[in-house]
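Take a look at the structures listed below.
The following pair of complexes shares a single chain, subunit A, combined with subunit B in the former and subunit C in the latter.
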Partner chain A sequence: MRRCFLILAALCSIALLLALCSAQELRVPETSTAGDDATVSSTGSGKGTLYLVGPGISHKSDVDLGEDIHIPGKDLHNAGAYLVIVCSSSCESGTLYVTPAKPYSLAFIVHPSRVPVGRNNSISGVAFPFDQYRNLIRAPATVNFELNAGKESLLSQSDRTQQGAAWFRASSGRSAGTVQVNASVDDISAKRAVQQVASDPCNLRITGGRTKNGIEVQTEPVHDCAGNPVPDGTIVTFTGEGPQGKVTVDAPIKQGIARAQMEAKGEETISVASGVVMGNELRIGAQP
Partner chain B sequence: MKRILPIVLVVATAVLMGIALARPGSARGIVGVEAGTPMAGLTPKASSPEQAINNLLGNVQGRHWDLAFEGVSKTSGIDEAAFIQDWKGSDGSLRAFSALEGFEPRPLHITNDAAEMRVHLHWATPVGPMQDVRDIHLVREGDVWRAVWPKVQIPNVPAQVIPVTYLRWDLVSGSSEDHWGSRNVDAPNVRIISMNAVDTAEGAVVMGEVVNEDTIPAFVTVNATLVDAAGNSIDEESSFDKIDHVLLPKQVTPYRVDFPNISLKNVKNVRMDEKASLVPASADPVIGVMNQKLDSDAQGKAVLHGDLFNQSGETVNIPHVIAAFYDGNGKIVWVADGYVDQALLPQSSEPFAVEIPKSMTAKIQNFHVVVNQYSLGRS
Partner chain C sequence: MKRIFVSAISAFAINVAAIGAMCAAFTISSYAADTSVQVQMDMSKATPRSMEPLTERAVLRDYRFAWASMAQALESNSIDSLQGPFEGDAMRWLKETVLSQQQSGISQRYRDQSHRVEAVFYSPEGDVLELHDTVQYQLQISDGGKVIHDDPVTLHYVVLLTPGADRWVIRQLQAVQQF
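And now, the complex of A and B:
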C-alpha cells in the first residue's frame, strides 16, 4: 500500500514536471547502444536539472542548458526505453531507446545429458545470445550449431535467432561416447557434452555349467544392436526352473559379463533377461 | 469400621498382584516398567504346557534370558547363547531392532508327557508390526513342562577373502559458479511397464512393475491418484516400502499402492506418476533367490517361500523380499512383500516366506521375486 502510494506520487511528480515543460527545447536521439555514451542537446541558458528514468535506473544531475548533455554509458547498461527530462523554469522530455550491444556470451542448453545411440531427433539444444550487460539480443543473429562424436560429424547447421533464441534437433549417432555440441555466434561459442550410451542389449546369450556348489551361468559379452558394450552395472536377470522350484538372480554386468551362481541339484532350464529384453534358454542336466 | 477399609485394600492389592504374576504372557505395554518382570521365586510353576509357554515367552518378553532358558529342556541340544541369539537377533538384523509385544499360545496336541503348542508372536519392529507363528514341542520332565527348542542353525561364515570388482556410482554436484545449462545431468529415465488395479477386502490396490531404462541408478517412487467420474481426485497414495526404490540400470521392480477403505466402483480413472532422481548406488551385494515355491504354511495359508543366498562378501542386515504374481496371460495380479528378520551373512542363506491372499491363489500362474536390502552404514 505504502509502495503503491510512493509510485503514484512519483508518477504525479513526473506528470507535473511534464506539464511545466514548455520553455526550452530538448533533442534526444531515438536509439543508443547499451553501455555507450549518449548525447542530448538542449536550448536555453542557465542551470537545469536532468532526470533519467529507465529500466532499473533513476538518476538526477545538474546540467548547463544550451550545451550538449552527456549521459555516461554506465547509466545505460540495461536495454529498453529511457525517459530523459530536463527542467529549469519549465521541463522538456524525450524518449531514448537503448538496444543490446554486440553478442558477448551465449546461454546454451542441450537436452538430454545422456541419450541411447540410434535414436531419431533425440538431442535438442537452444541458444540465447546475450551482450556483456546480460541483455538478451532479440535482433536476428546467426548461430552455428555443430555436433561431433569423435571424428564423426552428426550435425552442422546455421540458424537465425527468432526473438532471441535459436535451436536445433538431431539424432544420436551409432557409437557410444561423448558428443561435443558447439554453438557459436561470431567469435563467441559455448560447448556442451552429451553422453551417448549403449541402447538395450541385443542377442543376449548365456552359457553355463555345473560346479560343486550348483550351477554357474554367465552371459557372453553384452552388446547393443550397434555393437556397443552395455555399461557395467546393468542388471541381467537369470531365472532357473527346476524340480526344487524357481531360482532368480539379478546380477550386474561386470567387465562386460554378468555371472550368477544358482543352488540347484536337479535339471534346470535357465532363461535370461535384461530390462524388457529376453535372451536364450539353457538346459542343464541334473547333478550326477 | 476404620480398620476394615485398609484391610480390604491390602487384600485386594495382594490378590491383584497374585493374578498379575500368574499371567506373565498377558502383561503388555507397561509404560516405564519392563513388561512381565518376574520376582525371583514367584514365577508360577510350569505345571501345564500352557503355563510353561507363558513362563518362557513372558521371560523372553521381559528379556530375562536366564529364566527363559530354564524353561527349555536340556534335551534340546541348544546352548543359552544360541537361544538368546534366536530371540535377540544379531548382525544388525531386523530382529535386533524388534521387541516381542505379545503372544497367543494355542494347544495343538497334548498327552500326559508331551504337547504341541502353536504360538502367534506379535513383534513391534521399525518397519511396523509383524506376526510370526511358531510350533513349540514341550515335554514333561518330572512335574514340570519344558520346551524342546530346536537347534538354531547359525550360519558359520569361515574367514575368507572374496574378490569383488567394486562397482559403484557416485554423484558429483556441479559448483554454483557454473554457467546456466553447462552442467546439467538429467534425472534417470524410468518407465511403468505394467499396471493393474484390484478391489480387496481392505480397499483398492494399484500394482504393477517399473523399469529403469537408463544407464545410471535411479531412486524411484510411484504415486497413484484415484479419480472419480467428475474428474475429482478421490485419494492419492505412494508405494512407500512396497517397491525396490533403488533401481540399477535395466532393473525391474514390482510396486504396490494401497488405498484403504476405497472401492474401485467409485473410481473412473487412475493417474500414475513415477518419480526418479539420481542417487549414488552400488552394484553389490548380489542376492540370489533360490528354491522359490508356491506352497501352504502350517496354518493352511498360501505362501511363496524360498531361500535368499547372499553371493557377496558383505552382510545384508535387513533383507526385504518383494514378489510380483502373474496370471496365465502374464498380467500382474498381485504384489506382496515381506521382511526377513535375520541378517543375511556373506555366502549364506536365509529362508523367506511371503503370504498370498486366498482370493488370488487360483489366478496365479507365475511369479517374480526381487530383493531389496538395507545395510547399516551404507547409502
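And now, the complex of A and C:
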C-alpha cells in the first residue's frame, strides 16, 4: 500500500514538473505608438498560438514559446486597446495600449458658410488634430486660428487643445467678401472660407411718380449700414394706401434697386420695407 | 401495470416539458441580458455649449443602440448592424475588425455592458460632441467556437459623435489607458 502511494506521488511530481516546464508566461508592453512594431515575450517551450484582438484586427498565428514575438507596426495602426493572447495547453493574456503618433492632419469645422457683416460671435470653428492613421491626438497641442477678410484681420489667437479639441468664436467683419479661416498646428494647416454678405438694408429710400398706367416706385441703391450692397434677389415690399384700399407689391432687388408698378388713380401713400427695416413714405397725388 | 406505465410516461412528458420551458426561459433571459446595454450619462460638464434635455435623451438612445449594434456585429461577424450608428474612422476600423474575424474564425462577445459616460466637449454650433466612457463588460473571445478568453474588462473610451440625418453617429471610438 505504502509503495503504491509513493509511486503515485512520484508520478504526480513528474506531471507537475512537466506542466511547470511547459507553462508560459506572457509579458506585453503597456504602450506602443501607432504604426510602431511591438515585441511580446513569452516563456515556456514548444508551439503556441498568438491571438491579437484590437481595433481593426483580429488575427491569429503560430508562435514558438520562449522566444520574442514581434508584432509588426502595420497591425498596430489604430490607437486603442489590443488584447494579446498566447495559448498552448492554457491561455495567457495581456493588454497593449497603442497611442497616437505625431500630428499629421487637422479636422477643422467652421460655421456658418455665409454670414452677414457686423454680427457678434457669428463665426465659430473647432479643430481636432489627428495622426497619419486618423487617430485622435489627445495630448495638448497649440492650434493657431487666423481669420482674415482681405487685409482686415478678424482674429489671431492660439489655443491649447483640451481633450483633443480647440475652438474659437469670432465676429464677422464690416465688408462683404470672403473670410479666409486658417487653423494650424506646427507645420500642418487647414483652410476654410466663409462668405460675408451684406447685412439688413439701412436707410431704405424710395422715389416714384405717376405714369400712364398708375404709379411707379423704385428704391435708391440698397445698402446695409456698412455700405455693402444688399444682394440681388432680396425682397423689398412696397405698400400703397389710398381711397381704394391697400395694395402690396413684393419686388426683388435687381442690380441693387427694387422697382414696382401699382394701379391706383387716387391719392396714395407708398411705404417700403425689407425684412424688419422700414424706409421712407412717399405721397403721390391723384391722377389729374 | 398498464396504469403504472401510463403514469410514468405522463410524468416523463411533464418533466421534459418543464425542462424545455426552463431552457427556453433561460435562453430568452440570457439573450436579453446579453443585448442589454446599461448607460449612465452625465452631460452637465459639456462645454462650451450646454446640452438641451431633448438632445441628451437622443444621444443616450443612439449611444446605447450603437454599442448594442457593435456587440452584435462582433459576435455574429456581420457588418450589417454597423450601418447607421457608425461613420468615418469608427466605421472603418469596426468593418476591418469584422472582416478580420471572418478570416481568422475569431468572434467576440460583450456581455453585461455597463457604461459611465461624461460629455467633455460640445462644440459651439452643436455639431461635434466628445464623450468619455468608462465601460465594463465581460469579454468572451472564441476561436471556431472554442472559448479562449473570458474575463471582465474595464476600458476607457474617447468618443466623437456628430449629428446625422436622423440620429447621432459615432465617428471616433478610441480606447485610452486613462482620461
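Convention: the second predicted complex is superposed on the first by the 244 of 288 C-alpha atoms of A that agree within 3 Å, B and C clash if a C-alpha of one lies under 4 Å from a C-alpha of the other, contacts with A are read in each partner's own complex, and residues count from 1 in each chain.
The rule is simple: a contact is a pair of C-beta atoms (placed from the backbone, for glycine too) under 8 Å apart; a residue touches a chain by one contact, two chains touch by 3 or more.
Being a predicted model, the structure only gives us computed values, none of them experimental.
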Subunit C versus subunit B on the shared subunit A, clash or fit after superposition: fit
Which of subunit B and subunit C A:I109 touches, first, second, both or neither: both
Contacts of A:G209 with subunit B and subunit C, given as first, second, both or neither: neither
Contacts of A:D232 with subunit B and subunit C, given as first, second, both or neither: first
Touching partner for A:G266 - first (subunit B), second (subunit C), both, neither: neither
Touching partner for A:V197 - first (subunit B), second (subunit C), both, neither: first
Partner chain in contact with A:E30 - subunit B first, subunit C second, else both or neither: second
A:V53 touches, of subunit B and subunit C: first, second, both or neither? second
Minimum C-alpha separation between subunit B and subunit C after superposing on chain A, in Å: 9
Contacts on subunit A seen with subunit B and repeated with subunit C across the two complexes: 109, 111
Subunit B - residues contacting subunit A, complex: 165, 167, 169, 179-182, 184-186, 193, 211-217, 248-252, 283-284, 286-293, 306-307, 309, 311, 349, 367-371
Interfacial residue positions of subunit C with respect to subunit A in the complex: 48, 89, 92-93, 96-97, 100-101, 104-106, 108, 120-121, 123-125, 127-128, 130, 132, 139, 141, 143, 148-149, 151, 155, 158, 160, 172-177
Contact set on subunit A toward subunit B in their complex: 107-114, 190, 192, 197-198, 200-201, 231-237, 239, 244-252, 254-255, 260-264, 274-276
Of all residues in subunit A, those that touch subunit C in their complex: 30-31, 49, 51, 53, 55-60, 78-81, 83, 85, 87, 91, 93, 97, 99, 109, 111, 124, 126, 128, 134-136, 138, 162-165, 167, 169
